[in-house]
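Presented below are the structures under discussion, each in the form of structure tokens.
Here subunit A shows up in two complexes: once beside subunit B, once beside subunit C.
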Partner chain A sequence: MSAMRSASRRDFLKKCLTGAAVLGASGPVELLAAAEQESVIVKSRVVIARDAMLRGTGATVESHRMLSLLDRAMQSLFDRENPIEPWKKLVRPGETVGLKVNALGGRGLSTNLQLVEAICERLREAGIKASDIVVWDRDSDEMEHVGFHVSTGGNRVQYFGTDRVDYEQELATHGSVGSRLSKILTQRCDVLINVPVLKDHDGAGVTIALKNMYGVIHNPNKYHPNGCNPYIADLNMLPEIRTRIRLTICDATTACFEGGPGFKPEYSWKNNALMVSRDPVALDYTGWQIIERQRAEKGLKTLEDDKRAPRYIATAADAQHRLGTNDPGRIAVIEA
Partner chain B sequence: MKARGVLVAMLGSALLLNAGCKRQSGTGGSFFPASNQVAGWVRTGDIRTFEAADLWKYIDGEAERYVKAGVRRVSTSDYKFENRTDATVDIYTMKNAEGAEKIFRSEPAVAVKPIQLGDDARLFSQSLVFRKGAYLVRIVAFEESARTQQALLLLGQGIELLLAGR
Partner chain C sequence: MSRELDRRASQSPAIRGEQRPLDRRSFLQCALVSGAALGVSEFAPLAVLGAIPAWAGPPRQDDSQFTVEAKFYQKLPNNKKIKCKLCPRECTVGDRERGYCGVRENRGGTYYTLVHSRVCAAHIDPIEKKPLFHYLPGTLAFSLATAGCNVNCKFCQNWDISQVRPEQVPADYAPPKLVAELAKQRNCPTIAYTYSEPVVFSEYIMDAADAGHEAGVRSVVVSNGYMQEEALKTAYGKMDAVKIDLKAFTESYYKDVVVGELKPVLDSLVTLRKMNKWTEIVYLVVPTLNDSDAEFRGLASWIKTNLGVDVPIHFTQFHPEYLLKNLPITPVPTLERAKAIADAEGLHYAYIGNVPGHPAQNTYCPKCQRMLVERVGFTASRMLIRKGSCPFCGQPIPGVWHA
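So, the complex of A and B:
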């Protein structure tokens, strides 16, 4: 968060001083004081990077273009010139990094293999050993089905589901939630990078960053009543999750505006984008707006009118949770 | 229309030739055409069946909608068309035809091509959804080409014939 804070402050100061130069206003000391006061309002950055040619002339995402897209997103979020620098700010050699993907949607609407490979490449260049990277979700077969080849042991990136190691016996609890957590999370990962997909969700309204944590527990089916609210927010409060998550990289290359979370091509669109943020609430709020715009374009009702607005986002931002912000005035959406 | 007639005739012949294939009783598995039972389509995966109580393991997040509509089970398998286009077939067995209709009608008809299949059907550029009696069938293709819609329709017709034979 300190990187975000200093970047925002720097930007603000720059804008202030530029404005002053144009207006011929007060001296630099007064300007700096005003800037310091204003900089108390820290905006959560959500970067959206797009590449219309991400798939070249075909239907499959091209690996080299995905890597460039990821670099653009990460460099913008961390305000860095070099593509490796953001990763060095994020992780340290010796840490084990978990990439929590989303394979539930099946082929067509799961985290892209090309994106995961791009992240792994940059993590390794930042000093993380391949064997210290674990790409995971709840089930190995589901991962295989969407293109992740299960791989354990050896000096390579590890790919497997919780079915291989089971869940903790003890319940982790917070508020409305009592669940057994994946041992991949609790015993293997020092750091978690959340790599969800931008999707409509029949129950929750949308499923993006926060709801992807349903894949971390043994009983997600228990938490779908009432639009998954307050379950999603409570789940993300668990210290085992909250203390590990450092970043969300949302795969918005193919996104879903209706009929989710499973893949229905008629309700999906090729968005060719990545969304990255360190604030999962701000990212979910921003993703929700993108889905609403697509629904409007297709002549569908808003999620509110469809009686499934994602209320869990506001709950995640409330005083009891403070997992991030859903206040558009406090979210800086940056197109990279 | 002529092309459609030829396809149906081809399909009918193909199904007659395979009339003696083994069926999995009570699992919905018998409704899945065997490889090449429908021209060009090869089954590439096992048939997996999820009972209503376990539906969330297959379609977590959507399961409740189906449970509320009275789903009994879903069976699913993967297919490939002419060694190029992958597809997944899901056959939902509901308690009654009203359940299948409820699910079908709850899904908005965006950019849909109306077709005659089963009791009601929608053909999209990459998917086909139809209902017949207590069954709801969803076929999703993972590649789009000029022939995808025609291929989906052919497979759908094959499944419909198997459903009608029960």
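So, the complex of A and C:
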């Protein structure tokens, strides 16, 4: 998704009009020039919403505070007052919506159930039937292990892994990648909402939005050499993925700065935040910087010095991929 | 078999040749008969297998029976990581992660193979199909595979099993003693580890080879040879014969098409030679990618210098498959050119493969040029070698000709 696309029609017109006013609205050529001038500074928005009291006085995330946090993040990203409005802009009744979570890290470092339930609640309020929502990852047992109870059928949200339905027989290919895709993605999802976790990764450097798509394919082990580069970018180029993804909601409530992707308490911190964006590259870049800051605080080497800087982020932004921007000058990080 | 039939058959899953593997029912029947014949509790898991309904997607498998600690790895000091020492890739694998092969997993700092006795393809093949032309010609090999591979060849014919994780393909529990017993029962003097990549199920082939030898059944392995020296010596030291797929003679091809490296494979061939292990080489000729005169000449020259002129080499025909569907079938004249270059370099046994009926499938005496083994398809229809020698001129013909 380009930075240009993240500007709403209203924003664009507003900027055109502003430009016209500045120029005295002297004619279409000037108007166009002003619009172009403005368009180059349109930025990909990455919203970070925090709640220091997300867990109340306990250790687990409180559901009502999570819902409030999600609302704050979404309203900020979509610039809306009402908590349902952003979702109505995102999905339409009748669509099937997949929430691709991350359960690989095990207990302590997987997508929170409370976050998923909050998203489902808002989706339903936006007109999506509960049974048209699928919460999924690659393996049902891994999902169960982190608190997602497998549920298939009935008028409720569906929870299950690809192991229940298998992968497509045909290969989907782009660049360096040739993989069978989860039938959940190809046959059960009109829309994909990516719900990853903010984590360090021993091979890739970090694993956030883009790498979470490794859970969509049958052969992720083949794409770990060379820091997963260019595999992650190539994978996200697959039309089956690219045309479905509309949003990333990164669970950064507990994040990991070293020793990932598995959970190691000594290398995790309670960040109590959500990160949302429609630009997965901008979100990954921003998340990477957060992990770097945490590493610096802990006296650890930078990922660059540790020889595992996440170069796939730049590849995802390059001219061959254009999945988003990794240019900090074109990313607006908004604290909500 | 016509070429068209040959081509279609070669595209079927889970096989490296022209026939389908044992289907699940046959394998189970075979296993159950054997288990019953043996009448021992050791094969109790077969009773469970018999209860599995017809497959409608990968059934949930009991991982624990296939999970055995890996033999070739090193524990690292930090974060429960390990370094795999099986193949030259040397994957550093974090806790809960798998290596490149997809069949080995780090669980809390201990590395496990997930495919011991986890057979996803089995078939009784002529040994010529491996191909091994100088090893017990005219005999059958009880051939089997597990999921997984340590490279990712863009032309793989068996990617359905080689490029998947073990839980993604139906499999049966086939412990080593059962395999040995089945091979014996089916009159197979050898067990062949083949179809996918035996490097990644080394622990299993070692145990199966031991069980086979106890039962009087030999073992052969069909491999890419991309393996560390110590693992090669230990695992393939138990084999009676080896066939190595030498995919090309350039590093660039290995990097781009195979996702591996050439040098370790050449090193493996030299090591096998030093181990006096009977070895044959297959070179799949892919149009425009590894079919230059220079490459054929370099390859033949290297074999002559490092392995000797008596090592059989099979130039085999490529068929478009997997990620390499944009290239045509290898023209027969290209294969003939490769053979001619190998002959000119002085190699004694250069064959042409995957071209049924081609005269270069036969074995000829390098001295008197008389035909010694005639092959039709994968059948050795005439076998004239006597006591390891040409019956016409007495020239020794290297190989293992009789059980």
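Please note the rule applied: the second predicted complex is superposed on the first by the 298 of 336 C-alpha atoms of A that agree within 3 Å, B and C clash if a C-alpha of one lies under 4 Å from a C-alpha of the other, contacts with A are read in each partner's own complex, and residues count from 1 in each chain.
Rule of thumb we're sticking to: a contact is a pair of C-beta atoms (placed from the backbone, for glycine too) under 8 Å apart; a residue touches a chain by one contact, two chains touch by 3 or more.
Since this is a predicted model, take the numbers as computed values, not measurements.
Participant: Assess the superposed three-chain arrangement around subunit A: do subunit B and subunit C clash, or do they fit?
Facilitator: Because the two structures are overlaid on the shared chain, the partners are seen to clash.
Participant: Of the partners subunit B and subunit C, which touch A:T207 in the superposed model: first, second, both, neither?
Facilitator: It touches subunit B, and subunit C stays clear.
Participant: If we overlay the two complexes on their shared chain A, which of subunit B and subunit C does A:P328 touch? Say first, second, both or neither.
Facilitator: Touch status of A:P328: no partner.
Participant: Which of the two partners, first being subunit B and second being subunit C, lies in contact with A:D166: first, second, both, or neither?
Facilitator: A:D166 sits against subunit C, while subunit B stays out of touch.
Participant: Touch test for A:G106: subunit B only (first), subunit C only (second), both, or neither?
Facilitator: It touches subunit B and subunit C both.
Participant: Now for A:G94: first (subunit B), second (subunit C), both, or neither, which partner does it touch?
Facilitator: In the superposition, A:G94 touches no partner, neither subunit B nor subunit C.
Participant: May I ask you to decide whether A:N221 touches subunit B, subunit C, both, or neither, giving the answer as first, second, both or neither?
Facilitator: both
Participant: Of the partners subunit B and subunit C, which touch A:G178 in the superposed model: first, second, both, neither?
Facilitator: In the superposition, A:G178 touches subunit C alone.
Participant: On the A-aligned overlay, A:G56 touches which partner chain: subunit B = first, subunit C = second, or both, or neither?
Facilitator: neither
Participant: Superposing on chain A puts subunit B and subunit C in one frame; which of 5-13, 77-85, 95-103 or 113-121 is the clashing stretch?
Facilitator: The overlap with subunit C comes from subunit B residues 95-103.
Participant: Which subunit A residues come up in both lists, the one for subunit B and the one for subunit C?
Facilitator: Residues 104, 106, 202-203, 221, 224, 258-262, 264 of subunit A touch both subunit B and subunit C.
Participant: Touching residues of subunit B toward subunit A in the complex: what are they?
Facilitator: 56, 59-65, 86, 88, 107-108, 110-112, 122, 124-127, 138, 140-144
Participant: Which stretch or stretches of subunit C touch subunit A in the complex?
Facilitator: Those residues of subunit C that touch subunit A are 57-58, 60, 78-81, 89, 91-92, 94-102, 152, 154, 163-165, 167-168, 259, 322-323.
Participant: Would you tell me which residues of subunit A are touching subunit C in their complex?
Facilitator: Residues of subunit A touching subunit C: 104-106, 163, 165-167, 171, 173, 178, 202-203, 218-219, 221-222, 224-225, 258-262, 264.
Participant: Touching subunit B in the complex: which residues of subunit A?
Facilitator: Result: residues 59, 104, 106-108, 201-204, 207, 214, 220-221, 224, 258-267, 298-300 of subunit A touch subunit B.
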